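Think of it as A, B and C in the order they're written, each chain with its own count starting at 1.
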Amino acid sequence: MILQILYIIAIVSEAITGALSAGKYRMDLFGVLLISLVTAIGGGTIRDIVLNMHPMIWVQHPEYVIILCFFSMLTVMIPYFFARFDKLFLLLDALGLICFSIIGVNKALGQEFGFIICVIAGVITGVSGGILRDILCNKIPLVFQKELYASISIVACILYYLLCVHTTIPNTFAILITLVFGFGLRVIAIRYKLSLPIFIFDEVKQKKLTHKDKKDSV
Amino acid sequence: MILQILYIIAIVSEAITGALSAGKYRMDLFGVLLISLVTAIGGGTIRDIVLNMHPMIWVQHPEYVIILCFFSMLTVMIPYFFARFDKLFLLLDALGLICFSIIGVNKALGQEFGFIICVIAGVITGVSGGILRDILCNKIPLVFQKELYASISIVACILYYLLCVHTTIPNTFAILITLVFGFGLRVIAIRYKLSLPIFIFDEVKQKKLTHKDKKDSV
Amino acid sequence: MILQILYIIAIVSEAITGALSAGKYRMDLFGVLLISLVTAIGGGTIRDIVLNMHPMIWVQHPEYVIILCFFSMLTVMIPYFFARFDKLFLLLDALGLICFSIIGVNKALGQEFGFIICVIAGVITGVSGGILRDILCNKIPLVFQKELYASISIVACILYYLLCVHTTIPNTFAILITLVFGFGLRVIAIRYKLSLPIFIFDEVKQKKLTHKDKKDSV
């Protein structure tokens, strides 16, 4: 119940941020609408396709799609209004990330999947909406390059799984603990610009190195 | 029956336009083949995956794939011949769009889905082949930026759904009415270069505005 | 049995090459991990989604995902070590291509699909991991532009299908013959830089031609 309310808040705020990000690419209204929908419900869709968990939430509740379309078009009409609350949306997006992760783990638990698949289900739900959005906008997914995001989803999924399976606390508490913990982590990551190390592998430099090595060995 | 003939005309012309568009990206023959197939049958494939409607048409009729491969390779051999009929292909593509939309709604109706999911099924069938093609060619999908295309698919899907569910006219008439109406709309859109409004959202400009506002309020 | 050992060698080497290729795009560790996984098991995942063959191998054996994550992170720690063996990885990738193709045909045969769908299943398994990797890295898939790769997968799939269905030789022999033949073809293609013809279609040039034609006809 609490999860459903959070879910709706999460998909609506993802739809709004999706629309705002589409606005940078000179798209028409249909493009904006599609980017909004994909950002909001693309993650759950990919999870359900990969793990064969039909029907999807939005197929069972098509009214969610209508709500998302409404907010997407509202964003187009008053973008500067929504953009003014960019910090609020950053927080709502953090909430959405954790919320999506919990829902993903939850749905996989319901299908009696084990630890690894549950975590994968949660992470797919949390991050792949944003990945699809960036692929449609023709850029390298942001989630690979910005502050701790996917890693927080992984941590939240593991925590929630452990709380659900290896403790006896009620589900509502498990949700709340994961939400507070994950949300807190994300806020700290944004505040202090924490990020994972970047892996740079320069083949040319490497070839030079090998070349030198050869000279050295000669 | 009429729908099946139109379907084959539609996928063949999509395969040819797919091959022609692959020719702009220095792809080898396999690339051309794949782009052709994805443009022609990618939309239906995504629809059937998302709505779990297996098996797909081309899995049941693999001979369609062979026909498409044949036309794709024929296009490579005589591209200028096909390109000379570019206006014909624009019309065939319009026919294909409406035809795909009707087929999508039809298949979803057969699974007893409601209004919203039926329209989504139709639009996915109509536009996502082209979206996949553009993702594989590494550009922002054309369908987000050119004249009325997806919106006509939406209108055609709604019309066809209403004709099927809320009237008693025979299915063949519903198909013909939707085809004539949708095709006409698309021809008008091409002729008069009608397009949806473009949504441009400039974050920098917005930040400047906010900044001014602050000064003003000071 | 032999196929399973080859499969693990193949996905591990694909994961390592995936990680090395992610290193060129300034991705963080999560990005590298995801690119590794997608390169290694993305092809089989797409095949099983499209042909509705659930559950997937990695869903049944989640320990494979852990092994792949381990090698992906190992690559990040000692990239120059792995990169030094670039020729070995080219060979392992060739092995993987044929191995994936055989596994794809095998799985489709188990579902009683016919010739065309079996070949498509094999080719999807062989090449689409690399296509997904390139889409996530925001470039035109390499497989469309480099030496014979997908075409060798097609040939291997056809050979394996014929050996399985139209001869009575034991499955292990069919696998070995296909492996030796396909691997040999790929090594020859790399050695002599064999590639499919590139299809270049220049619309502007074509328009000029048509223009000239018109003048001529005037």
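Heads up, the rule we're going with is that a residue touches a chain if its C-beta (ideal position, glycine included) is under 8 Å from a C-beta of that chain, and two chains touch if they have at least 3 such contacts.
Source: prediction; values computed, not measured.
Trainee: Take chain B away without moving anything else; what clusters of touching chains remain?
Mentor: Without chain B, the chains stay as one piece.
Trainee: Compute the rotation angle for the C-alpha superposition of chain B onto chain C, expressed as a multiple of 5 degrees.
Mentor: When the C-alpha atoms are superposed, chain B turns by 120 degrees onto chain C.
Trainee: Could you label the chain A-chain B interface same or different, taking same to mean over half of its residue numbers are used by both chains?
Mentor: Mostly different residues form this interface, as fewer than half of the numbers used are common to both chains.
Trainee: Averaging only over C-alpha atoms, locate the centres of chain A and chain B and give their separation in whole Å.
Mentor: 28
Trainee: For chain B, write out the residues touching at least two other chains, lowest number first.
Mentor: 49, 135, 138
Trainee: Given the complex with chain A, which residues does chain C contribute to the contact?
Mentor: 19-20, 22-32, 34, 45, 49, 54-56, 59, 62-63, 65-66, 76, 79-80, 83-84, 135-138
Trainee: Spell out the part of chain B that touches chain A in their complex, as residue ranges.
Mentor: 49-52, 113-117, 120, 131, 135, 138-141, 143-145, 149-151, 154, 195-203, 206, 209-210
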